[in-house]
């Protein structure tokens, strides 16, 4: 059978990637392709990989309520409203924004506003590797942020092994992570052949990382997180540093990682000393992780990569949607990146 | 049913892309993944998008002869030999190299050597848009070159409309088109943030373009072809110029293109004035074409784009293989590129 | 002695590059650094290569009238007005825009408006290689466009050798050529790893190329010109094709180019078969040119490169300013590009 | 007066950049341009920004001994030998390699070999901001490594303020930092649009950072250092994390940085919250530094940028050479980067 699904915010990059993936998905049909400010505009005029005559739909909650599942790929503002509306009528929803990821206190702290629907948060967090059953049962799934999922998959198996307060995460993302809105800092002439940090020391993903390290692993305290902008469209790499607890060996680290992901279709633990490459996962839902231990400092250094529009957005959302609809988890969700 | 296929030259970029595509193909299994000089090497050590323990196989013609179909993704030297061997035993083969594309005279002219098996050339030329039935019946298919297929799809419908001797083709390709072998000119420090022409005025693809314009369209005489190296891994764009014959209008041009490809799954004719974008087709088998007519010079200017590893190599080969095996032509061959 | 100069439009890329070059010029001092819409803004906030406290000045014609020379680096609209004002009071001015390059008829044709001051046009065209004496005497110099100067230096020596009506120019430019204004097509996520044509068949530089081929060489009729956008910030390459007249040999072509530029400090003719590389001239005022002749088609193929912010904008303007102020032409105008 | 200088290893990137800078230096003449394996080869064939007929010289110690100063831009192996030879005859030498930076024990630890001339090490370390007088008097100067100088300038003023054992340095460099030698990992098709870490946890620059933090600041113990490869030719950014000591405030951090560099021509401290951009310093000798303090973790996060061929190689070496020859320190050493 084919499920009728909708995408709201389809003109953004997360939405665009969902459309690409759905074109190859045998059992989901993008019945609604909505973009609030672009309703009526030909899709091809904004998304040249999707030529043809179809236009963006308007956002019509009544129409969305008829669907089997809705992907919200808007900023968190519109998602707060639509997510609540759809939850109230019981429509399965995967929200790619930060609207429903934190609890009320965390949302207030990191987003500076009171959450309008504290009864809905935290929604089920869409990290199947750690919450597969809950996702399968959920009506509303909060899809993780791109930096967050890449960090969590790298660090969650290691939280019992590291010293609280010692975690530093240095993140680097392609430009699509910053969205489609035009900003001086995203002009090709400025980004091209350049590199810079931004948003430190209080990027909003920090709180989400801390929360879900604690929820699915162990509380390791406040972390330092610094994002950087890579001069490439897609691909995200984090380098995480943490002090190992006494007695923990390099073998313990490798074993913890390998054991955690031995049966996971999308998380690959590379041999220590082989460093993950962003381009190996671009276009896919894969996450590659690798760790080295520095005997001089007793720190573990973990690097992990995802496509910021993949595991950290569209393909991760599709993996969750498969689970929610009772489909095979990997159906139409690519595991092999587009290299080179 | 699942067909057992082999790839020879799997460590190169065409082979690597075939492996990626086969991972998503429901009815072909890469039973043999051979790379002559890398036999025994872990695939993941050269192709990080394919992690795991599998190693490259040795090239064993007897083993290949047992398969349903073989992709040759080697340089034309080894392909000449293996292609002949496989043809002699009747194994379906798609050769991505130039070994079997030209006739004996053309091969001698452009490759500077006598063809060892003139009885096999020209093989069926793997351009389904113009030779679908022949491909479906063929044992040996010569897959077109990347510049060539992009030019042919742009110009073939227009050959009756343009003046012989007037065609200029200005090509631009990503670096993967130049192959995996290390050369000074492919060092990242030289290619990065730079752009240059190369190989003019006698690039080997020139003869192939001229030949197949004549075979499937009309002989338009000698063309000028200048390739350039883009500082990106994948994506190819050609800009073709030709003098229109008297009386030919801009409408004639648009009609010719639209009529030629109305039913083609992979060739999209964009409205005049909308210029194809390489990234819209990267990772896919699509070719986007668009033409404008300049009333001041009476020239038509056609631009077209492909992924040089896609329609011009791996996915084009897979489209041909589907036809040869009696499978739906589009099975596992993506039409939507990875944008942005 | 040190000359007091001003830059209007200093927040744009041409202005920014002038500021960089003036920082290394021993005899010009940027007394006025004006940017209409950014007056009062710290320069460093827009141009991070120029840290410090200085702010952009307002555009004050009375203040500009006190200077030894003014660079206009604005769009052609403001330049029309300011250029006329400064010309009326006799202040030496180099205008980087298209405001004063064409004659009244040409301006109307290509810019769609009547020129407000036909008495001032065409101003002296700032191509010292062909008009050194006139530039030295001029009050108002119209600096050539970036595509134009790169094409003229490649083709001017060859106009007597080629067939009228046969010239095709395929241009490729880095993104800074499109200016600082934000546009969807200049978003880093769209430009990155991509390539496309634009603006054909009627880009405004076409008329300027045709005019100055005729003025400084020989009228070769209407040309076809197609610009393309490279995914790099700086660097421009044109590939020009033209039919050789009967009897003209490859040696004639090489001799014509070498003789034209034997004594020129900034134009380098590379051996036939060595193709110019954009990165070899980025950051400099150099133009590298090279030609091959295709015996099959009797076409000459010329490629030439400049930095689109260099010879085609800021450093070319500085070369002109040196001449106008009686300074050594090469003072503070770099000849060596930043490679790799 | 004009000094006669030589470059050994001129075909590499450090040498190439020295040649570019010397072309604009009014008082140094590159009398010898030597490249061992390329002697006799036209310079232009390897370095297209330097067209012309000149060929690389052979490496002739007797000839070098006649010069006023020699730049060694070779790997550390040849530099060990040539540096000693030149030191023995008293020729001023700036060595860009690691041959003379560490003491005997450090060299053995990080380079795995006994130093052949322990009497010469450590040579005067070429960091004028902390050793101006010593450089001016030196015969042999060891120019700092690119990651090292960028880290030292960021952290040296802060060593009294941070907790020993808490320093993490996450480095990112353009590809030219890896040198000209061809390696699979530097192929444009692999590097393009990609990003990866390498060399952790024991990159050789680690020991050099630790040593000179202690020599010119305070010993902060073992650091964690992870280098990464940016898909751009030039530009280097380090992100350093360190735990602040009790009582240290954000103001203390800013004051320490500003005071350290108030009079330095090449080190610019940006306001907290403004993040340095690599492209702002490319082509120059500048280093931009900026720090933020995270009140949640009590860590300072410092980012700093250089051109890896600039302050960390060629222009830094030229700054040292100016001092050694009694010339103004900034003569011919650019402070403004090539942006955008």
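So that you can tell them apart, the chains are marked A, B, C and D in the order they are listed, and the count of residues begins at 1 in each.
Please note the rule applied: contacts are C-beta pairs under 8 Å (C-beta built on N, C-alpha and C of every residue); 3 or more make two chains touch, one makes a residue touch a chain.
What you see is a predicted model; the values in this text were computed from it and never measured.
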In contact with chain B and with chain C at once: which chains are those? Just list them.
A, D
Moving only from a chain to one it touches, give the least number of moves from chain A to chain D.
1
Regarding the chain A and chain B pair, does the interface count as same (over half of residue numbers shared) or different (under half shared)?
same
Specify the angle of rotation obtained when superposing chain C on chain D by their C-alpha atoms, rounded to a multiple of 5 degrees.
180
Averaging over Cα atoms per chain, report the distance between chain A and chain B in Å.
35
The distance between the C-alpha centres of chain B and chain D, rounded to whole Å, is 45
If a residue has to touch 2 or more other chains to count, which residues of chain D qualify?
13, 176, 189-190, 192-193, 231-234, 276-277, 279, 282, 340
Thinking of each chain as a vertex joined to the chains it touches, would you call that graph a line, ring, star, complete, or other?
complete
Can you list the residues on chain B that touch chain D in the complex?
13, 46, 174-176, 178, 180, 182-184, 186-193, 231-233
As the complex stands, chain C meets chain D at residues 13, 16, 19-20, 23-24, 47-51, 176, 192-193, 233-234, 268, 270, 276-277, 279-284, 286, 288, 334-340
Contacting residues of chain B [partner chain C, same complex]
165, 168, 170, 172, 189-190, 192-198, 200-202, 222-224, 226, 228, 230-235, 237, 239, 241, 275-279, 282, 292-294, 296-297, 299, 301, 303, 305, 340
